[in-house]
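I've put the structures underneath this note.
Two complexes, one shared chain (subunit A), two partners (subunit B, subunit C).
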Partner chain A sequence: MLKEVHMPKLSPKSDEYFFGTWQKQPGDAVKQGDILFEVETDKVISEVQSQEDGILKAQLVDEGAATKVGDLVATIEVNEE
Partner chain B sequence: MIYIPVISKDVYFNFALEYYLLTQKRFEQPVFMLWSTTPTVMLGKYQDAVSELNFNYIQDHKINVVRRYSGGGTIYTDTGGCQFTFIQPDIASQMTFDTYLKTVAAALQQIQIPAQRNSRNDLVVNHRKFSGSAQYRHDGYTLHHGSLLFDTDQMQMLQALNVDHLKLQSKHIASVKQRTINLKTLRPDLTNETFMAELTKQILACFNHVDTYELTAEDQQLIVALAKHTFADSDFIYGKTPKSQFVKKAYLPGGGLVQFNIDLDHGQITNLHLSGDFFGDIDTAALNTKLQGTKYIPAEVMPKLAEFLQQTPILGITAEDLTRVIFA
Partner chain C sequence: MKDLHTKTVKQETPKPTWLKVTYDQRKVDKMTHLLDGLQLNTVCAEANCPNLGECFGSGTASFMILGPNCTRACRFCDVPHGRPAPVDLLEPTRVAMATKKLNLKHVVVTSVDRDDLPDLGADQFVRVINEIRKYNPETTIEVLTPDFQGKTELLDRVIAAKPDVFNHNMETIRSLTPKVRYRATYDTSLKVLAYVKAHAPKDMFVKTGIMLGLGETDPEVYQLMDDLRAIDVDFLTIGQYVQPSKRHYQLREWVPMSRYEQYYKEAMSRGFKFVASSPLVRSSYKAREELEAVYGK
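And then the complex of A and B:
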């Protein structure tokens, strides 16, 4: 089953963030807690972790792009038991 | 609270020390350090070195270039200023961005410096900035650090960060220029050393219990390795911007007008086209081929230009002249 990853709210002051770097590539296995990507908001660098176990299917935001809270960032194929 | 005295003025070591404490040492108590470095420009994690730095000035004045793991803009610092660092686990009672700044501001007020916070989370006196802060969050820990201008060489600061803005495009975090002030103008009776000692005393007084931790020989060894392999690594410092394009041009007396159209990808030259009204039988495609893949750093570009000009000279223009145009 395909699960969507949306940009979480990381700053109380702003809803638009600078998308830093991807830490996982399409096809990589990801586990809950693995760092998926890094963003910058108000001089703060934050890491966003995966909430799922599975395979990263698609990166839907480019490094260096502006993203908003709620934007679809990635999809993860999760294993169905 | 754990206080760690820092003797080193090597910025690569000191940033590695922060990173080591954050990622490996992981104390359960909050950590505080106050430190200083030799002349250095510090880029934010996602800043474009090309857009922020005056490469020629930095090379001529032997200024260090380093990249932080935290966000925000580029700053200049030297032994006339200092940096404060707080590191702590993300627990319920953790300090927020605001609390760190309040702590530093309150400590400064105790030494008769009327510090206030502004809307950009900077510390100011009379609306003039003397301190900027940034954070990095990693695996359950937050690192908050900031700079303090006490007796920093402001002329050198202006020159090192004075960039010719001919850039066409580059995706990065841009710095915000603000009016600054050295705190020594408010406390001329202090040296930077006595200022740092006073500030440390006042910050530690904000906490109920303070232990001092001295770095062990093993700590030092691990930090030195981190400094070398990460913070002093030119790929980490210069290779952060995915892509940028810009034009550099200048009239060189005795040589003529030269213009470079340059494309970079992660700090490496992907395209460099030379044009102008200079006199010489230059094969610009061959020059492009020669420079492709070279790191955009004067020390890497100049030897290649020198080799090229040995084969096909340009009348009245040296490799050093061209390097200064490229990095102006």
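And then the complex of A and C:
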């Protein structure tokens, strides 16, 4: 099953961030807790963890791009039970 | 909590790679939901703390009492300046209940400045300390207070409530204080710390914190350390200033890790009982560690 990864709210006072670097590439296996990507918020560089086990299918945001809370960032093919 | 929906603005000095935190959305959402139900402000959210993800993720938070708006407009601070809220007499009980619900072994209570109130907010600190104690007798309590305009009768009231740690932040060195803080002076803050140390029970620790990256020099930081040790301040926190927005005090420098290590050594050699010196250190970050350090547990 394909699961969508959306940009989480990383900062209480800011809803728009700069996308940093991808830490996983399409086709990579990801586990819950693995760092998927980095984002620069108003205060800090935030490493965002995967909430799923599966295979990263698509990266939907470019490194360095402006991104908003809720934006579709990636898709993960989740391991079926 | 106010949602200001601001944008992250690219700063002229890019963030160093070591200013990095890890974010686990599920854990943070769970904590945010829990806190929303408690109708309390946290300094974590109001000051937009970079450690929010880590602290919320591990089930800890620092409460900010007396409303979300501050009567002062310090140039470094992200807490909103505005019309202060009426004093909420149920807030002390809610803080006590939240402490219990989160099972906090050490709780940090801070507030906005309340220059509008006759007691400047001191009595609410007392009520909060008493309520926390009533429902959480094992929990150690740390207060991070305003300067109460240096009024010793107000400091006496808070001291009499016997928090375990009395924290009041110097924020920066002497020469930068008028540029960075508002209606607060270096000497008033020093006087507050000196008074508390001189009048508090022996087992109450006195703590302060400063930010780096505002333009301070080594000799000025060492002078500050000497000023603090001359009045026997116990704990010192040192962390990197992160400019909240373009309207705030301009960041001068991302201070390299080596300087934090240097300041740690200099501070410890001057006799502080506990020093936390690292870019992401904030006043209440992992505050329990200071008591673990002095009590060896």
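Couple of notes before you dig in:
Note that in this section the second predicted complex is superposed on the first by the 80 of 81 C-alpha atoms of A that agree within 3 Å, B and C clash if a C-alpha of one lies under 4 Å from a C-alpha of the other, contacts with A are read in each partner's own complex, and residues count from 1 in each chain.
Note that contacts are C-beta pairs under 8 Å (C-beta built on N, C-alpha and C of every residue); 3 or more make two chains touch, one makes a residue touch a chain.
On a predicted model such as this, the values are computed, not experimentally measured, just so you know.
Looking at the shared chain after the overlay, A:48 reaches subunit C, while subunit B stays out of its contact range.
Note on subunit A: of its two partners subunit C and subunit B, the one contacting more of its residues is C.
Shared-chain residue A:40: touches subunit B and subunit C both. By the touch criterion defined above, A:16 lies against subunit C but remains apart from subunit B after alignment on the C-alpha atoms of chain A. Of the two partner chains, subunit B is the only one that A:63 touches; subunit C does not reach it.
Shared contact residues of subunit A, touching subunit B in one structure and subunit C in the other: 18, 40-47. Interface residues of subunit B, counted against subunit A in their complex, comprise 44-46, 69-73, 97, 121, 132-139, 171-173, 241-242.
Interface residues of subunit C facing subunit A in the complex, by the touch rule stated above, are 1, 3-10, 15, 17, 19-26, 28, 44-46, 48-50, 52-53, 78, 242, 244-245, 280. In the complex of the two chains, the subunit A residues touching subunit B come out as 18, 20, 40-47, 63-65. For subunit A in complex with subunit C, the residues that touch the partner chain are 8, 10-18, 33, 35, 38, 40-49, 51, 66.
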